[in-house]
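Both of the next two complexes hold chain A, though its partner changes from chain B to chain C.
Presenting the complex of A and B:
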């Protein structure tokens, strides 16, 4: 007897499930981008201006950039499990992606602060500004212009990287679509829709960042 | 909290399997970089052409590769082509997906490199009597090479880390091999810590070699 796999076609009732995936992707991206940027700004400033911090933070920066995200998710997930505090997949994603985003952001902050000409800093210090005043009114505003386009690029990369949290069981968009594929066997159709969604988020933002970059280069 | 005994000997028993996985990781990475570079060269030239079918094709490729998750690209090659009855083994699917990704990013890198050489240099070289070939070979490309070198190494590192996606489509590269090896004992943490160390060593080796090469080639 031939065994027939019971596939059922795509239905409108699948829509809430896909929308849940979309929502989970957006929530994770938003949370990780917020925390990651906060971490990155602090760390980037420390790494630029405090020599000790550069040495202390080097292992964190190094490891985060040289180990695949999938493995980072698995390690954080299982180390919390070993410690006896099992963590929701969402929080595993937020922790790992925030730390990852923090490193990428800190590189941009460093580059931004490093691009401020030191004559300007000396000038403002010799005008009687304190270190903090100089940072607040001179360095930071100038650094922001080099920082911002790169930061947008990093957020796009983050949006794409949320797809990997599915390995610890988070149902984000790509995971939701894979579940649908398993049920309907309509891989191409479902995947095309999913890809279109990511593209619709990332492409306009990357166009905007490229335009910003050109604007900042010209003045 | 933390009344857990780490159990490492079981990892060392399986260590050869992990190394075998690391070999496949390197293979997939290097193959996808070679093919990716070969495709990125014409793509970057078409992108510079400003119009025509080539430009549209190259732009589509680059934007698709850069604005969708790498995991989506892997799914597309593995499951998407599968539903068109093109069934690739996971090894080739992984190489193909990473090639697609690398080509997209590298095309932009190369384009940036070509743009960084002022066009006057080409005109100057040509008006000194150099042929188009030698003007490119001796004036333009050496400068492009220098600009593109570190972004290229970055992409190589990305490809190395991205090859870990092979686990999800059942490829036994380092991550996949680790996943398989831990499934008998469920010592997940120990196994993946070791895998992370192997990745770290590979990434650092690439970085160090690149730095040495850069000192040798560019004196910086």
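Presenting the complex of A and C:
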């Protein structure tokens, strides 16, 4: 008896599938980084400047930071399904990763604002600037310098964390490559190629950030 | 005119101002001297509304600084203050440092604000440093920049909080020269200083602070050359010898 193995080698026609994975990774990263940063800036500012917010927001920050992402994906996915409003895997990813990115960003915002010497705030206020004017023209630009390098690191980590959304069935880059590995049995080749794609996404981000950092420098 | 009536200020259980009474007339230079922790700097911060007070009143041209309905942002435009630490905004050039508040607070056009800034940098002798960031300036230059920045708001009063204490000795002179120039222009000033010689020479009156109260107040020369109070005498002996 002869077995016909279902394997077939890598073909050029697999490329669109891989590119779909790349596209899905990019979409998810972009959405989560955007929403997450917006959430993080507001939360970080609240936690730094509004004492009540520090207490109220503590559970959100602590839980999101301490529970593994993979569990959060499954919990959010299942909760919505149980509530009768099943979500697209993309949205599960966007919700969980945005909240996660929000917490990490808020810590960076808080650290950035906290690093501005209070004497500089006094100097601004003593010139007649309002709280908001001081924030806009003095604290925020200074905080941005401390914030930015850490934020880029977080965005790069987030890009790689998008791979975890495959547990709820989202076909991003890693999931697409796993499907190809199952079919072709070319694990090494496919994974190396996939790694290259991640590198191609992340490396330009870090290059760009280095250039921006140089323009920030005030010495 | 600044009137200070029975002002009390505490940090927690520590009372740093224990009923201060003072009034400063237009055009006067009042120097506050005294040991560290005697309350001089705190009083300046209270006059500017940077610190709250627990009792008494501070009235600037008829406006009560610590009243609930006082708009501090408006009032502070009258009260320039320069601190011990140079507080130049590190992300802005010298020129932008001076132009920022006129542009943002007084809503001057960018061009007017920059012209005004140039004029004030020239006044403190920093005209050639306009495009430099504070990190490229010496301590004395940064302190003069802080003075120019405060003056650009056209304040009626200038408060100086130990502006030469953080400076290397050879840089003190240039900052004191700027203060003398201001005095000649008729600016009303309250100067917290450890420099007794400056107080004697440039002050109209001197107030000696000790442990949160004004121990002695009088004409500068009299207080420093011929103090009436024993504690003033002891302090002056310590700092002059």
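By our rule, the second predicted complex is superposed on the first by the 199 of 219 C-alpha atoms of A that agree within 3 Å, B and C clash if a C-alpha of one lies under 4 Å from a C-alpha of the other, contacts with A are read in each partner's own complex, and residues count from 1 in each chain.
Quick note on the criterion: contacts are C-beta pairs under 8 Å (C-beta built on N, C-alpha and C of every residue); 3 or more make two chains touch, one makes a residue touch a chain.
This one's a predicted model, so the numbers in the text were calculated from it and none came from an experiment.
J.: Based on the superposed arrangement around chain A, label chain B with chain C as either clash or fit.
T.: Overlaying the two complexes on chain A (C-alpha atoms) leaves chain C and chain B fitting together cleanly.
J.: Check whether A:133 is in contact with chain B, with chain C, with both or with neither, and answer first, second, both or neither.
T.: Touch status of A:133: second partner only.
J.: I'd like to know which partner A:50 touches here: chain B for first, chain C for second, both or neither.
T.: The answer is neither, since A:50 touches no partner chain.
J.: Identify which of chain B and chain C touches the larger number of residues of chain A.
T.: More residues of chain A are touched by B.
J.: Considering only the touch criterion stated at the top, classify A:142 as touching first (chain B), second (chain C), both, or neither.
T.: In the superposed model, A:142 contacts chain C only, not chain B.
J.: With the two complexes superposed on chain A, say which partner A:58 touches: chain B (first), chain C (second), both, or neither.
T.: The answer is neither, since A:58 touches no partner chain.
J.: For the superposed arrangement, I'd like the angle with vertex at the C-alpha centre of chain A and ends at chain B and chain C, nearest 10 degrees.
T.: Computed angle, apex chain A: 100 degrees.
J.: A:115 in the overlay: touching chain B, chain C, both, or neither? Say first, second, both or neither.
T.: neither
J.: Aligned on chain A, what is the least Cα gap between chain B and chain C? Give it in whole Å.
T.: So the smallest C-alpha gap separating chain B from chain C comes to 23 Å.
J.: Which chain A residues contact chain B in one complex and chain C in the other?
T.: Touching chain B in the first complex and chain C in the second, no residue of chain A appears in both lists.
J.: Using the touch definition up top, name the residues of chain B that touch chain A in the complex.
T.: Interface residues on chain B, with respect to chain A: 1-2, 4, 63-64, 66-72, 75-76, 79-80, 82-84, 157, 161-162, 164-165, 167-168, 175, 188-189, 192-193, 195-196, 199-200, 203-204.
J.: Under the definition above, what is the set of chain A residues touching chain B in their complex?
T.: Contact set of chain A toward chain B: 62-63, 65-72, 74-75, 78-79, 82-85, 156, 160-164, 166-167, 174, 178, 181, 185-188, 191-192, 194-195, 198-199, 202-203, 206.
J.: Quick one: which bits of chain A touch chain C in the complex? Just the residue numbers, please.
T.: 117, 119-120, 122-130, 133, 137-138, 141-142, 145, 218-219
J.: Tell me, which parts of chain C touch chain A in their complex?
T.: Residues in contact with chain A: 48, 50, 72-74, 76-77, 79-81, 83, 85, 87, 89-91, 100-101, 104-105, 133, 135, 146, 149-150, 153.
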